[in-house]
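Below are two complexes that have subunit A in common, paired first with subunit B and then with subunit C.
So, the complex of A and B:
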């Protein structure tokens, strides 16, 4: 028996799921359920749900390749019964689902099963949230239920307090279209996560929920979610009032972020007459640029990294020699330089000139630094 | 069907041991049916308290009787999905086929064993248990009960192994009762009943699966020749009856003549202890013979299973 192989039919279905899933589903671990541990036929899927993850164990049987897999849900979801099999085999009245006619040779089956179950899970959570006996929560639910794409989750447990979590998609506008030459393959999304504690007693001033903004990871090249300050939740506010305020602020900041790309681009363009065409530059978000230049026979690279808050925040400057190498074979680099003349009020052409003048002096220091580091190596 | 709560579930030591053995020797997952009975236990409330305060406490015992389920045997296979399909729907035909061999015992529920998985019911197991417990045709009567209660097969026994191989702790199991009213699995304590002086009182719910057949002890085997022709047909009938009884006795004992039975009772029973011992010896010999026979057929079943497994591997593309 081969050591730790995944049976081909199972591997085909799992690979299809990982490559074609619209959501970033991951496999956490794989193990064998048979007596001789050779064949890996069980795995845990980590599925994003409501800005968090749920873990489901998918149980195949390597010895029975024609059989459909079984799923074990999380420990809190014992009452989740997606396929309530009230009928009997061959009963025409029972609804058809992904399980009823399983084709083990079709690689798309696992993905469609998981997506179907996730939809059913969403309905199940919605029902659970709707059953919570909290007046304020019922009111909040009624105001936002018309929005599309909301996911909600009710967490309860022996040690944990009961909470209801909402994941609300914000900004119907397509950010991808706002950026020229956008390289993102998937639509960038921003969500607001709202967590309400379930309070069965009536409280005169209900406490504010916990709020957090979550965005798809690629967005940080354009806009930093962490730096965005959420507007404060005033007493007695509800989500229907809060969301428009938040969305307005977010919209204006995103528009600003898009226009700041042009500011950065102007600066890089202004460097070109003095430093030559950049060796490397980020053309879409204009976050960095590298130039090859020389002073006498000393040839070196100048790296500029432009933060999102440019020009309010100064750029990062770093020099890299093309003639000096450290013991592991990498070129010698300077530490990030921060002490240079800088003012955000200068025009980009003036900024470029000032950098040029500064570097004429500084590169001599850098050459000395590189020579010294070579001497230390010997 | 009444949806009554169980107080606990009992299982005999040998049954649990052979369940675990079936699970650990099987190359893959297993499942099967559980048979047994549900009995009503009369609770006695001894208290020195004021009767008015105890009335409220004991009223609950009048509403819901104390029931104990006892698992005495099981019918399992070395594969899964024997009586249900992928979506958890029951295949009533195969279920009835498995079930029909056990007429004396009622279908209590079913069990499932799967290696290295969490100890809680899976999606399909929930569907199967809920289907099984809602089928009226499998409901049976609770024994020993003053009122007539019916019980449906709602017991589910889950066997798993720990995730990381351990030397000492090799198996885990949990017994559940599926309640139709709340559609939830309620874990129940599983008491193991073993042979021994400490357990003597618990054997009330157990009774033998294969009982000794009812045989007549007074036999008038007419060895003397009957001259009368009318008696011939009568003696033929009695000889037929005797050979029939011998055949029934041969199912339990090896080579014990039916005629010796009348030495066990009555005036001829002077040496009945010796006769009884002899009969027991012959019964044990019969058991041994049966065991050898089962061994041989098990070997052939194993051969066939291996052949089937090779074919399945070929289908899975694992060759």
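So, the complex of A and C:
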């Protein structure tokens, strides 16, 4: 008889974890430890680590609600044994930790346990990386070990080659403070992920590591990580040389990205005398603006979307009728228009005038397009 | 009157776009489903079928939602109806068009209600607005009212805590000896000024034309944090060719801003 509910004490701890965790931890699946009661007392947590994810199974027992859960780590981490001090059998002085001091009624406990274990896991991984017998890796590690916020991970396994992965936070500067009116609730971060193969043999020119930039998702309103070209890793380079070059480049591109906000802003403001006050525009990143216009009794919306590379890259333009509807009741929209007169060298006031002149003609085509799409529906 | 003024005009009313608060909206539609919502519009539908006010209202709301989501897919919508008082039609705010369509399908006219009390609507809005603010959103109540003789009332206290914006669309019969749409309109304006946080807009029409209703809906797309005073609304602007001046040569810039 499956009940399919989560016992309340467990639910309280899990909900607290999901809503208060400083890291975006997710639940991947939940299941019951027993066919008899059907209560969901086990689940898998997906925990961000080193710009990737680790999965830990949290095993409660619905029949013993007072007991702390067991945590099962990944198959690669058999040697990760937190809370097992050396010589623990009969050792009276085992350290107090979240497990030994468990309080099932305290909803904050699961989160503290997981965060504590994650810290211990970080230390465990650091130790593993430190023990690797690779002179180059030992050297690289020594040059970055003092950086704050680094995570590292050693992946091994019978089928995989051994690799060491580093996640390095870049740029001490607070990007949020650079943007006036910044709406981001959390500090935006950019990380470099560096993956070195572990090579025990001596190589005359060690191969370049794999490099990837990762940023928090909200940053894309201002700056595109995907479009950023990583500087090349030259032969014989090391992280101590590469990182300052990368950070210098990143810093200057971000400064440029911040000043381009005002270029977009100026364009939107230049449209207003001709197109009227926009019904809505993005006042912080200036990526979008929508205007209501008419041609005779035909009233329609003009949507501008401004790419990060504006004005080098032209705006996107789309028209939306207020009077023509498709069968599901949605107003007819034009496809995104790209064929209009455009030059990045024009002043914003001239750009606005050219758009106005273009749309005086184009809206007649759009009206025809709308009427035709209605005819096709009959 | 304590009114939060939009940050996007110079004192002369020229448009500026200063970096400012820009919250996604939670928009609560409250649709009057009194029998007067079944009054027929002037235009007929395909095959000459009559279209009621309620039919046009449903279409207008879909237009609004689709347009709003084209501008910013983060805005959300919920639905209530007004008979003697307000009650929920669909309580959860959602940004899914499908969800709005499902809610609108449930919308049907009721019997004649007699009076209209907005107190419950304002109570609901006040409560929801607190939740919206906790998520960095702003709440807007959008009332669509259809009665030509019944002035809406309310017992909402005077308060400095104005937590939501209030917009109204009023569809009515032509004024005559048997009705008082002007008095109804004035009562709606009073209610608006009493409760609205940002500048609220009110539009009315007795013409029975759907396209006029749709046009008003589009003006109401205006984001409350970026609005000018209703008296200064300059949209929609007309896209007409500027007439060439007598002396202009090809390539010469015409300094006129626009022609209307």
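We adopt the following convention: the second predicted complex is superposed on the first by the 367 of 378 C-alpha atoms of A that agree within 3 Å, B and C clash if a C-alpha of one lies under 4 Å from a C-alpha of the other, contacts with A are read in each partner's own complex, and residues count from 1 in each chain.
Operating definition for what follows: a contact is a pair of C-beta atoms (placed from the backbone, for glycine too) under 8 Å apart; a residue touches a chain by one contact, two chains touch by 3 or more.
Here the structure is a predicted model, which means the values were calculated and not measured.
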Query = Where does A:133 make contact in the superposed view: on subunit B (first), on subunit C (second), on both, or on neither?
reply = neither
Query = Thinking of the overlay built on chain A, is A:35 touched by subunit B (first), by subunit C (second), by both, or by neither?
reply = first
Task = May I ask you to decide whether A:339 touches subunit B, subunit C, both, or neither, giving the answer as first, second, both or neither?
result = neither
Request  = Look at A:63 in the shared chain and tell me whether it touches subunit B only, subunit C only, both, or neither; answer first, second, both or neither.
outcome  = first
Request  = Give one of first, second, both or neither to describe whether A:102 is in contact with subunit B, with subunit C, with both, or with none.
outcome  = first
Request  = Quick one: classify A:82 as touching subunit B (first), subunit C (second), both or neither.
outcome  = first
Inquiry  = Between subunit B and subunit C, whom does A:268 touch in the aligned arrangement: first, second, both, or neither?
reply    = second
Task = In the overlay, answer first, second, both or neither for which of subunit B and subunit C A:148 touches.
result = neither
Key: subunit C residues touching subunit A - in the complex, by the definition given at the top   = 8, 14-22, 46, 58-59, 62-63, 66-67, 70-72, 97, 101, 136, 211, 214-215, 217-219, 221-223, 226, 228, 233-241, 253-254, 257-258
Request  = State the interface residues of subunit A toward subunit B in the complex, per the touch definition above.
outcome  = 5, 7-9, 31-36, 39, 42, 57, 59, 61-68, 70-73, 75, 78-79, 81-89, 91, 94, 97, 99-100, 102
Remark   = In their shared complex, subunit C is touched by residues of subunit A numbered 179-181, 183, 185, 265, 268-269, 272-284, 286, 288, 290-295, 297, 299, 301, 303, 318, 320, 322-323, 325, 328-331, 333, 350, 353, 356-357, 359-360, 363, 378
Residues on subunit B engaged by subunit A in the complex (per definition of touch) = 26-29, 79-81, 84-92, 114-118, 120-128, 130-131, 134, 163, 183-185, 309, 312-313, 315-318
